[in-house]
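Every chain is named by a letter (A, B and C) in the order it is written, and numbering of its residues begins at 1.
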Amino acid sequence: MPTPWTLDPDRVFSPVPNVRARARDLYAGIADLPILAPHGHVEPALLANPDARFGNPAELFIIPDHYVFRMLYSQGVPMESLGVPRQDGGPVETDPRKIWRTFCEHFHLFRGTPTALWLKAELVDLFGVDVAPSGETADAIYDVIDAHLQSDAFTPRALFERFGVETLATTDPAAGDLSLHAQMQAEGLPVIPTFRPDAAMNLADPSWRTTLDVLGERAGVMIDSLDTFREALRVRRAHFAAHGAKASDHGIISSFVAPIEESDLQELFDHGLAGTATQEEAEAFHAHMVFEMAGMAVDDGLVMQLHVGSSRNHHQAVFDRFGLDKGADIPVAMDFTYGLHALLNRYGSEPNFRLITFTLDESTYGRELAPLAGHYPALRLGAPWWFFDSVLGFDRYLDAVVETAGIYNLAGFNDDTRAFASIPTRHDVWRRAVANWLAGKVERGLVEAEDAPEMAHWLAYGAAKSAYRLDD
Amino acid sequence: MPTPWTLDPDRVFSPVPNVRARARDLYAGIADLPILAPHGHVEPALLANPDARFGNPAELFIIPDHYVFRMLYSQGVPMESLGVPRQDGGPVETDPRKIWRTFCEHFHLFRGTPTALWLKAELVDLFGVDVAPSGETADAIYDVIDAHLQSDAFTPRALFERFGVETLATTDPAAGDLSLHAQMQAEGLPVIPTFRPDAAMNLADPSWRTTLDVLGERAGVMIDSLDTFREALRVRRAHFAAHGAKASDHGIISSFVAPIEESDLQELFDHGLAGTATQEEAEAFHAHMVFEMAGMAVDDGLVMQLHVGSSRNHHQAVFDRFGLDKGADIPVAMDFTYGLHALLNRYGSEPNFRLITFTLDESTYGRELAPLAGHYPALRLGAPWWFFDSVLGFDRYLDAVVETAGIYNLAGFNDDTRAFASIPTRHDVWRRAVANWLAGKVERGLVEAEDAPEMAHWLAYGAAKSAYRLDD
Amino acid sequence: MPTPWTLDPDRVFSPVPNVRARARDLYAGIADLPILAPHGHVEPALLANPDARFGNPAELFIIPDHYVFRMLYSQGVPMESLGVPRQDGGPVETDPRKIWRTFCEHFHLFRGTPTALWLKAELVDLFGVDVAPSGETADAIYDVIDAHLQSDAFTPRALFERFGVETLATTDPAAGDLSLHAQMQAEGLPVIPTFRPDAAMNLADPSWRTTLDVLGERAGVMIDSLDTFREALRVRRAHFAAHGAKASDHGIISSFVAPIEESDLQELFDHGLAGTATQEEAEAFHAHMVFEMAGMAVDDGLVMQLHVGSSRNHHQAVFDRFGLDKGADIPVAMDFTYGLHALLNRYGSEPNFRLITFTLDESTYGRELAPLAGHYPALRLGAPWWFFDSVLGFDRYLDAVVETAGIYNLAGFNDDTRAFASIPTRHDVWRRAVANWLAGKVERGLVEAEDAPEMAHWLAYGAAKSAYRLDD
């Protein structure tokens, strides 16, 4: 008989009794705060349609989650056997029960990872599972989850309410149709869009001209020049803002955000139109446009998020076969001191400008980002991102940035996830880690005991609200 | 009624009871050792004149301290409102009570930072303040401090004695007038100069010619060539040594200290004289001259300090308005393995040469600096610098360097501060952190219990004495 | 009377009582597992000859151990006084008792280092020493060790059995004579070779032509072209595999493993033959050949180890006087994301390819290596290397890699040592650190209590067995 599988109520907290006791107290004060999810990748349609369902357990937990299937792939399990769709439409496993079984047989691979922590919290708390996944328990667990997923209590909408989400931001292309957002807001659902114009910046993408056409159509602007391109971006930003957007988001590979002379920029743009732009030209163009869009942000007040330093699609064969976001995006070293120099010098003290940075290079936390945030009024530091959205990642982040930047230059937490069902536990882990971190600092005499509850509240809720201007 | 504000006698120590108990014991053995302050930025005039006063609370704690005003600036408080003088003489707040109030209203920004730790120790221990700074308590605290500052017990000289400073080194330009040092030493005050020739190296500075003229005049050498420039440096080094200097100090942006061919060097020097040198040329010249000055150090025995990797005046607008040292000096990544290759190969095993390095790139602690110090006899590692002069900064430093370099290749602590009143607490935090670090290692069986007191003494006192040749 | 010198049975474990208790339990389950030593530098002759002896205490502990003499050198003790042989045959200390005394007089330099931890374990556990080394105790300790070394219980062979080594891999040049391995295996001694062809790749080495000649002779191939060079490598790899080799090993300075066009490669090879190749050309050639050898590994199944990023012989004067491996090999920053891009794209999902990486740049653990290992099936992460083969090094490694890569993408531990007598304690420290790390994670609720024993077993034994295909 397998050991009962239960959640440790003190998980994430220090094993040192006095720290644990204080962490527990601090956590109690923030555990039930509403969730602010100002950056993430939930599909609007999932929430817009009251009848939407999550599908089966494999569709909910495995097929769309590259955190999950990458780990099995790394140990030799073909993605095909996990139902990950191929670009060429070739055959992949379609029996969700088989996919689920393969996953459960490899569940030990996640030992010690945040994925295990999240999955366990979801399975136990949300679905009432009480045995650990394994080859033997796979089918029984499948049945438990599947039954829940077919009930009305487990629709995305029902969970949204149960989760206590105060605001959820989706991430949407510049040409995105925001009618679903409008509909949801009309129904009182606090789902807002985020302006993510990356696709429109990628001169080297063969479909860029098409992207421009759609963008122009949506903006009501015929894009045939740099200036009409800019005009379309401005129109769309305004459209997003009118639909409740508080922020834009930009994914760039290098931290160097560098303005380019207009004539040179024109040349890049022309290469894009002619279909001859190289990857390097596309990156230079994007880096310049981030600089320009910071200027637009000064005008329209959209908070600018920069997600910097992921080398996407590192594994060409996997990319060719399975497409984007399939677990081979690998971080590279960053240089924010020189990289953000031009941007921060131009806009870093503009009262209406707000910049939130995300990095995958932890060595920049204390060396570059915290000193920059401890000076420039516009800058707030984003939460640990991706691989570092983890207990130890949070510990290291707070240890590295707070001494230099304080906590009021931080942007709080965001879950940055496609995996809707994991949202509460991701926020919960952050809140536990914050409570524990503060408790440890109080017990070392480095934070005042009477300040700690307010600081916990700020890190769990207030910081995100402030950084993303959700209180405006 | 506000909570009484008191210092935790166990601050900085681990919350683990056995570690804490041992840390307390180790700390008791070193808490009252005399202070060695072999590198810092106290103004000689402050101590030379027995009648000097610190001024008012704003002048003591806020206006000159970029650790303090940068944090308020980062949250949108104009530096003008904190009384920071403008370069153009434009209007800034002059009412010290108002400045103090603004500071107190924002005191929460420092939560979790070393600045808060220092300020609290100073306010409570030195000035007897017993409530936390806030908008409500600002005036009362101001009055308490102000009254003290006007008493004879709070002159810089009186505090110098109360602090138990055994040696304090100031930092002085190459052309600096050392008569105040001579006077103080004649009076028995252990204040020594440090030779810092950076200004004389900056070929690109429009006032470089003037700097050279003053340098030449002070040295009694007409500087009209590289060789007379060198001669002037040698004369001044000897003058410093004769006035008790034990060290030189050099602030460079890159870790690459590279010798240049004489003819090329001549060209750089000529560009400087002609006023056409670029910033890059100035940096190359400086990097070369550090190499040459290491040779001079072999001859005259002055310890060479390198402070490497701060990108100064990152925010041009703030620099233009407020000048140097206004909180926008941002670290950059370093490479000491290649960067110090030439220097260490030439001088790294010269018995009379001593090099002390300071870095703002913590990733170099274990990767580069500890292995270098664990080999080259000339090299000792300087204490955590600037943003890393903090409890967690100390923890990380000791964790990163001791396993590879041991403790006998470390240069102990220096406070590197302009803020005279903060000197004791900065040393105290280091001593507490050292005691705590050793206690933790003893309790893990990684350091012998009977060795720990001697190791604590070394790190708190002996290492600085030895590294800076204060025992010569 | 000196304090008795004993080993703390709980060394390496956390001072937190509940963590310590659990660490003790987990450790008890793995402490006595056989030792797998799949990468190291023990001389085959030491074990092949049943009559071999270790020599005297200085020959065992000091003269060949650059971990030891570098620390004394860094504090001004000449290597000559430690008996380190000079390249020119010049005079060095030859009295082992004097050398030992110098070492003992400086034993305090190792406080807090892994060397101290290893030496103490060897002295106390293996040799029954019961006082700490010092000037006073040096002679007595010398006598105790020396007497043991002359007994039959302390021959290398006797210790090999006592240590419980299940497999030990030596590291051998491509042209290495494997007859000693054959002989040992015939006698039932589990000592296997490792194919290390670095010398054959160094086009810039004046003796490269000679190296090729020997290689060709051993391979039975006349090497007069790139293709015959390749053929010789293939023949030798097969010869190694036939002698039980499971792996190759490659030491490269840069992480960029980049294929070169055949015509350009031919030019490099020709420069090598002509004796005109530069260091840069040699490095480019080597980087290419690592790429090619990965292809050979796909064919013959030898696991490829990459030791990347040590700048060898940093101190030219020491190198000239004492030769290779004399304590001046200094790490440099790495970039595996771009550096291994070509290699992993070509071979990273080949079922028969296995790559194990070692780095001296800890910032790459979480940023690059763990994400890469969490994707590419071929990649396993090697244990902390060299300076980071230490308690804190292990803590940081596990903290940095497990959350992203899990534990099943790790290659376990290897001791990588020349110092045969230190093998058990090095493995013991890893096992203690692993037990302690897991205990801490269980106590924080981050690892399931019931999974921890199996995880400890994997990290202590199974991972190395699997990664190096020792179970094939």
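Convention: a contact is a pair of C-beta atoms (placed from the backbone, for glycine too) under 8 Å apart; a residue touches a chain by one contact, two chains touch by 3 or more.
Small disclaimer: the values here were computed from a predicted structure and weren't measured.
Student: Compare the two sides of the chain B and chain C interface and say whether they are made mostly of the same residue numbers, over half shared, or of different ones.
Tutor: different
Student: Using only the C-alpha atoms, find the rotation that maps chain A onto chain B and quote its angle between 0 and 180 degrees, to the nearest 5.
Tutor: 120
Student: Take the average of all CA coordinates in chain B, do the same for chain C, and state the distance between these two points in whole angstrom.
Tutor: 40
Student: Please output the residue numbers of chain B that touch at least 2 other chains, ranges allowed.
Tutor: Correct list: 14, 16, 333, 363.
Student: What part of chain B is in contact with chain C in the complex they form?
Tutor: Those in contact with chain C are residues 14, 16, 18-19, 333, 335, 337-338, 341, 344-345, 348-349, 351, 363, 366-368, 370-377, 379, 399-400, 402-409, 440-441, 443-448, 450-451, 455.
Student: Give the list of chain A residues in touch with chain C in this complex.
Tutor: So the residues of chain A in touch with chain C come to 3, 8, 10-16, 70-71, 73-76, 108-114, 117, 132, 311, 314-318, 327-333, 360-363, 387-388, 390-393.
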